[in-house]
Amino acid sequence: MDFELSQDHKVLRDSVRDFVEKEIKPIARRIDEEHMIPDELVAKMGQMGLLGSYLPEEYGGAGMDMLSYAIVVEEVSRACGSSGVLISAHTSLCSGPIYSFGSEAQKRKWLPALNSGQIIGCFLLTEPDAGSDCGAISTSFTRDGDHYVITGSKIFITNGGYRGTGVLFATSDKNLKHKGISAFIVDLTSPGVEILKNEQKLGIRGSYTTAFALDQVRVPAENLLGREGEGFKIAMDTLNGGRIGIASQALGIAQGAFERALAYSKERKQFGAPICDLQAIQFKLADMYARIETSRLITYKAAWLKAAGRSYILESALCKMMASEAATFVTKEALQIHGGYGYICDYEVERMFRDAKITEIYEGTNEVQRVIISKLLLG
Amino acid sequence: MKALLIGESKEGKLLESSYELFGFAAKLGAETAMLLIGGEADLPSYGGTLYLADSGKYGEYNPDLHKKLVLAAVEREKPDYVVFLHSSYGWDLAPRVAASLKVAQLSEVISVVEGGFELPCCSQKMRRTVKPATPVAVLTLQAGAFAAVNPGGTPQLQRIDVEGAGGVTFLGYEAAEAKGVDLAKAEVIVSAGRGIGKMENIPVIAALAKALGGELGASRPVVDSGWVPHGHQVGTTGQTVSPKLYVACGISGAIQHLAGMKKSGFIVAINKDKDAPIGEVADVLVVADVMQFVPTLTAKLAK
Amino acid sequence: MKILVCIKQVPDMESRFKPDSAGVWFSETDLAFRMNEYDEYAVEQAVRLKEQLGGEPELTVLSIGPDRVVEAMKKALAMGCDRGVQVQDPSPHLKDPFQIASIIAAYAKDQQFDLVFTGLQSQDRGSAQVGVTVAELLNFACASTIIKFEYADGIVTVKRELEGGVKGIVKLKTPAVVTCQLGLNVPRYPTLPNIMKAKKKEILVIPVGDLLHEQPLAQTATFYAPAKKGTGVVLEGDVADQAERLIAILKEKTAVLR
């Protein structure tokens, strides 16, 4: 068992890090303050290949492995949590299911533009009355000749504001519960797709969190993803993979905050010595590092299992749960280590503190993760 | 012990920096001879043997022929050291001479030590002492490391000529970009270095410059990144300045930058790295994050 | 056309350096390595030349050192080099610049390269000798310190960066060596698809003993940190406090503030 990153992974990590240092880090604060990621940056990320990292080359992806994807999301999130989730939701939740469940024709039609970043993808599952209980969605579809017609509403859709491509879930009959759900590939510029709002949030402010209204949206029949009634299974499978992305985002946020806290503790002098000489601070640093390092290992394991085609549901729930809780812990401690300065926007650690929280909530709350884990443990 | 000093000239005029070669020779305690590819109209004030080659004939930059001239002088003088300045001329020519003679070259000498020489390394952060293992050694001297010495006198000229063409053709000089900003006259300069983080932070440094009644300067990386125009660059490839007060913000202290400002009256460096080389020349080193400290200082100056 | 670009892997210059056990170079413990910054400009220019010529030239990247240097070579391959040559050497730092140049020349001598790109100097040793020495050994034309590069039909036209912001315009015919100064171009980021493509590119490994036939011409006696001059005042602590103290010093020591 080799716990060392391969040379190729190191080359990837260093390349992405260089890109992030020059292109993302200097504007991370502005992204948060202006609540948006500049289009030029999205285009640059596309040119770098960050938006199709683990999708195969034949569909315009970079053809890398899941571990590479995790590295990409972590490195980006280290500077900017909003940019990290853009990549994660786009890749895992939109390109991912199209690749895993799409027909050859669908893959060829939709993936190249997504992989190049020309179009940004999203995942439309959550509704006002269906969050953790995603089997209870109400957005409905009917068949009309060679089209499906979809009506309903979706909220909290990451990347929705780009009006790109969406993998959307709707039900033909609520009585069938999750068996009635189907998945569709939707061009979000279609008539009937209306953006109601982009939410104002506590954190990841540069990320679009969009509410949609869908009014008789006509979707060609060939846009059905998988078979009718397979939608719930597609959603669950997709979220499994998405958890690796979110865990990586959380790790990046945590790592960025930790590094700032470590550096600050060496520079900040009180009572005649740097505060890192104080055991209270030392213990915080040790605890922070321990949580990041262990969460990273389980995240890498989940990525490794998925890449090997092995079952990874347990590990993906674990990594999302552990990394997100590591992120909220680490950012809280990092802010504390900065003392009063931690509260000041100039120091950026407060943004990381705000960005971290959502990782415990989306793509399956940590409560849901615990349900998954205990179910698997108890058989 | 004998040192053959390789002087520098430009368009027939002797460069002042050539006198640092004599300063070095004095420190070494060596006899000297000099080779100069230059003009008869502007010879060094030096009483020793001067091998003079006409720069009109041999060109401003013709390394193959200049190398041959140096080798011819070496043949005649049989020196222990062939000494160049570590300049765009010296570091280009010295290795050619060293390779032809198959002798050691020690680059950017800072000082003379027992049996050898002290050179900088790790981007000026560290030092090493090196001993040549050949009977003759080629040296290049760090700019300003050896104080210029004017030996005085009139050179005993020896003509020197070589044959050949050379593989490189010099097409001419291109003047430096128009300055716009005359840092040479400024009494106060506040310079921005890479440590300020991003282009958007330049106004913060400019604001401090204004608060102190001075001009904005910059280190090379900042100019290369396009954050400020070249006219603000301080250093060997920019302007050499000596204001009463020089404030270096987020500048590590690369030798090329130091060369451009170390003669300033009073030097303040702001850098979060306590070990940054700029600390060597700074009268005051403020260990702080530039972007935290500078606005605070500017605000207090306004009061 | 055949192009060679020579790169060196150096430690991150932000690191704290400590002498190794032999006391003649830095200890590698805890150091992160990366491609020498000057060499990034060299690789970028070589790749641009290849692109200018429609991809026809074969571009080889060479580096000397232990297996960790392959990481830097992979970056060069991902930037656009076609193939790599690793001269495997566990201790390249013990070879002086002449030996390093002779290794490169020994490799290059029957390869018929038209152009060789190197960085002006390495960030760690900084001798600025290897590129020019390679040219001498191969009997190639050479210009150092280039900040502009143009090529057409066997003629290389460059601008050398001189003191005071002046540039010298120089023309040379291939085969030639050019050494690259910072700011020559803007090195590209290796994109993910190109990093993947780089994995398939050949890296030939040659043991250094096959190419090194020269003795060192100089010896490093010691390696150390310079003594702190200690003449300057160091201000640490709270930012507001530092500002007050600095203002007081400036009032006292300079005529700048009244």
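When the chains are written out, they are named A, B and C in that same order, and each has its own residue count from 1.
The criterion applied here is as follows: a residue touches a chain if its C-beta (ideal position, glycine included) is under 8 Å from a C-beta of that chain, and two chains touch if they have at least 3 such contacts.
Note that the structure is predicted; figures quoted are calculated from it, not measured.
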Identity of the chain that, by mean CA position, is farthest from subunit A: B
Innermost chain by mean C-alpha position: C
Distance from the mean Cα position of subunit C to that of subunit B, given in whole angstrom: 20
CA centroid of subunit A to CA centroid of subunit B, Å: 52
For subunit A paired with subunit C, centre-to-centre distance based on mean C-alpha positions, whole Å: 38
Junction residues of subunit B, two or more chains touched: 287-289, 292
Overlap residues in subunit C, where contacts from two or more other chains coincide: 236
Contact footprint of subunit B on subunit C as seen in their complex: 11, 13-14, 16-17, 24-26, 96-98, 101, 120-121, 123-129, 132-133, 135-137, 140-145, 157, 159-173, 176, 182-183, 215-226, 228-229, 231-236, 239-240, 242-244, 246-247, 249-250, 253-257
In the complex with subunit C, residue positions of subunit B that touch it: 60-61, 63, 86-88, 91-92, 94-96, 98-100, 102-108, 115-116, 120-123, 125-134, 137, 167-177, 187-188, 212-213, 220-221, 224, 230, 233, 236-240, 244-245, 265-266, 268, 273-275, 279-280, 282-289, 292-293, 296-297, 300-301
Residue ranges of subunit A touching subunit B (in the complex, touch as defined): 26-27, 267, 346
In the complex with subunit A, residue positions of subunit B that touch it: 197-200, 272, 287-289, 291-292
Residue ranges of subunit C touching subunit A (in the complex, touch as defined): 34, 70-71, 74-75, 78, 189-196, 198-199, 236-237
